[in-house]
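The following pair of complexes shares a single chain, subunit A, combined with subunit B in the former and subunit C in the latter.
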Partner chain A sequence: MKKAQIQSMESIVVLIIVTIMLVIGIIFFSNFQGQDSERMLDQERELNAVSVALQMINLEELRCSTATIRTERCVDKLKLNAFVGISNSNYDFYFDKFGNTNISIQLIHPKLEEEKIHIYSYTGNFTSASIHTFIPLTVFDPINNVRHFAIMEVRALS
Partner chain B sequence: MKKAQMEIMGLLVIVILIMLFIFFSFLFRTTSSPSEIATDFSNTQLISSFTPTMLETTTDCVFARNNETISGLLNTCVTNSARACSNDVGTACVALNNSIEKILENTLEEWGISYSFNASIGPNQITYFESGCNQSVRNFRLETLIQPTSAGNNVRLDLKVC
Partner chain C sequence: MRKAEVEISFNWIFILLVGAAFLFFFFNIINWQIDDGEQTTQRTISARLGPIFDALQSNPETVKVHDRVAFEVDFRCDLDTGHEYQLVNSNQIVQLPYQLFFTPERIGGSRLISLVKKFSVPYDIDSLLLLTDERTEYVFLGSDNTITRFYNLLPDEFVKRQINSINDYRAQDFRHTIFISSSELENLPQRSSNVVLQNNNVKINGEEFRRVNDALTLAAIVSGDEKNFKCTFDKLIKKTEIINDILINRSNTLGQHYVDIGNSVCASLYQPEIVSNRINDVITNNNQFNNQRIQDIAQANSNLRRQSCITIY
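Right after this comes the complex of A and B.
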């Protein structure tokens, strides 16, 4: 093999190595980009769940009030029971607020027979669910004057 | 420059390129780790609302025909620990412990979250619950609430989540 041929072989090998490195780099990059967009979607869903939970706690239809003074982190049990029916019959209106989520309130202590109250359920199709968002709140039963420790669970679906 | 030196320089350039490639791929990997704003916010909401909500909760203990709240029981437990509930659920301190235990068991413990809950006045412990979050654990989130009592002292309530 002549010296010139060896030199051109060297150049070709270097070119091949650089090309392989570039291809590996592109594969890595596109892989990370794909994972990133999935993570972004998950994060978006979680943020949505948190925002829905906060909206729900502050929803005028549910909040406890005594002599027009509103109580923080408190849901009136009578309003809550009434709201379950309203949210089903006005699904389109509440879909704009709560979107693809399932929202329920679980009474922890003191417990009742009916422990979990489903407030809003997304009726469309979904393939995956994000992690749940739990927010503690008080459910006030004005008839029996009992304040239940409860957990609002918001599940974002996609 | 001799030919051998030139070749060594060429090799060095290739090595530097490979190192740069490895460095950037690691850098990209670490910077693109998911930001956990939502999870963090959710956890903060959970922990910060937990103790105040718990204090407002009605218990099984009845004093003067009214069911006491945990906050009321805490006050009675500090000021008159021997006082018994009128419906045979034990003293104020026993009823307080039972109520807090039920809430913690059905929430944090059920979700597999390690926690410790401590109520104390200075060095005197009133109640303490723990599940996998003892003092040796370094990485934790602490939420403290000060609850004044009718005796004039303050109860410190610490919820630690590891």
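Right after this comes the complex of A and C.
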């Protein structure tokens, strides 16, 4: 092999190695970017679940109140029962607020036969695992004058 | 040219081409990263503003002056797109499908000022977020009782002043001026709007709305924009309809409960014509609030409390 041919071969090999390194760099970079986006999405889902839970316990539709006293983190049981039907018939309105979540309230003490009340359920499709947020609250039954200790569960779906 | 010379020239051209390709490639990556970074920042600001506004709204009867923000936000409302906001010079648009925010058309580039008012008819419907900034000025014209009362109701944190008439007005360096008067103004200065406080109505740039309570009137003043106000007003009507349905359902259950246990006093006070029908009439057929029915329900609630019955709200 002549000297000129060897030099050309050298140039081509260098070119191939540089190209391979470049391709590996691009693959590594895009993988990193993908992981970053996934992490940001997870963060947003978590924030969304907390935000939905906070909105839910402050929801005026459910709040226990008298004309003078405003009770925090308290849900009126009669309003809750009415809300279950009404939230279904106003699904679009509440979808904008609660999005891809399932929200339920579980009465812990004293317990009732119907322990878990589903107050909003996302009706679309979802694939990945959900993020759960739990918030303690009181459910007040004005007819029997009983306060139930309860847990609100918000499952963020994606 | 000798063969060795050709080879050297070829090597230099090769190095130049590959170098240029590398430079072009990395230059593009850097540019793309900068653009992406800016878009991510704008996306993050847009996305985070929503929860911040929601958090503000959950503290009723508060007024806050926030740190200066570098960005400006446009609030829009039309039939096709609904209520939305967009950062100026950004393509990120965020919809506001249920939020009860009353704002001028544009805020930002200065300190933001927020006021949260509870809206009740007479039962609580929601908190209204009244949001403006230091570049929006509120000028109250005249000294009649209503004008003076709302001048005093608007917190001192807002940029406000009261003058005798529009002739005394000297324009200053504000982005927008909202004139609050008792009669409609002609020949408004540039970059301004007019909110007219009448006995039963409030007129924003000529469009009339029923005055229900001070919270909604303050909302009209702070917004000063008829389209944005109308959008949020419609959402308020929708929210009231839902709460009405819940309270009617609850009242019927309570009425039946009192019949079942033989408490005729409370049962009679929960008759549909006293409670359910009146709640139903809080919103009129033309989507306005009925002040008479609001008073009737407040009265019915006091009667129930007086008789030690469970109240409507």
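Everything that follows uses one rule, which is that the second predicted complex is superposed on the first by the 127 of 158 C-alpha atoms of A that agree within 3 Å, B and C clash if a C-alpha of one lies under 4 Å from a C-alpha of the other, contacts with A are read in each partner's own complex, and residues count from 1 in each chain.
By our rule, a contact is a pair of C-beta atoms (placed from the backbone, for glycine too) under 8 Å apart; a residue touches a chain by one contact, two chains touch by 3 or more.
Note that this is a predicted model, so its numbers are computed, not measured.
After superposition onto subunit A, the modelled positions of subunit B and subunit C are compatible, with room for both.
With both structures placed on the common chain, the touch criterion links A:Q7 to subunit C but leaves subunit B unconnected. In the overlay built on the shared chain, the residue A:H148 is in contact with subunit B alone; subunit C does not reach it.
By the document's definition of touching, both partners, subunit B and subunit C, reach A:L47. Residue contacts after overlaying the shared chain place A:A82 against subunit C, while subunit B stays out of touching range. Using the contact criterion defined above for the overlaid structures, shared-chain residue A:F126 touches neither subunit B nor subunit C, since it reaches no partner. With both structures placed on the common chain, the touch criterion links A:E60 to subunit C but leaves subunit B unconnected. Once you line the two complexes up on chain A, you'll see the smallest CA to CA distance from subunit B to subunit C is 12 Å.
In the superposition on chain A, the residues of subunit A contacting both subunit B and subunit C are 18, 47, 54.
Within the complex, the subunit C residues that touch subunit A are 3, 7, 11, 14, 18, 25, 47, 51, 54-55, 58, 95, 97-98, 122-126, 238-239, 242-243, 245-247, 249-250, 253-254, 257, 301, 305, 310-311, 313. Residues of subunit B that touch subunit A in their complex: 14, 17-18, 21, 25, 28-29, 32, 34-35, 37-39, 41-42, 45-46, 49-50, 52-54, 56-60, 66-67, 69, 99, 102-103, 106-107, 111. Contact residues on subunit A toward subunit B in their complex (touch as defined above): 14, 17-18, 21, 25, 28-29, 32, 35-36, 39, 42-43, 46-47, 49-50, 53-54, 73-74, 108-110, 131, 133-138, 145-149, 151. By the touch rule above, subunit A contacts subunit C in their complex via residues 4, 7, 11, 15, 18, 22, 44, 47, 51, 54-55, 58, 60-61, 63, 65-67, 76, 78-79, 81-83, 85-86, 90, 93, 96-97, 142-143.
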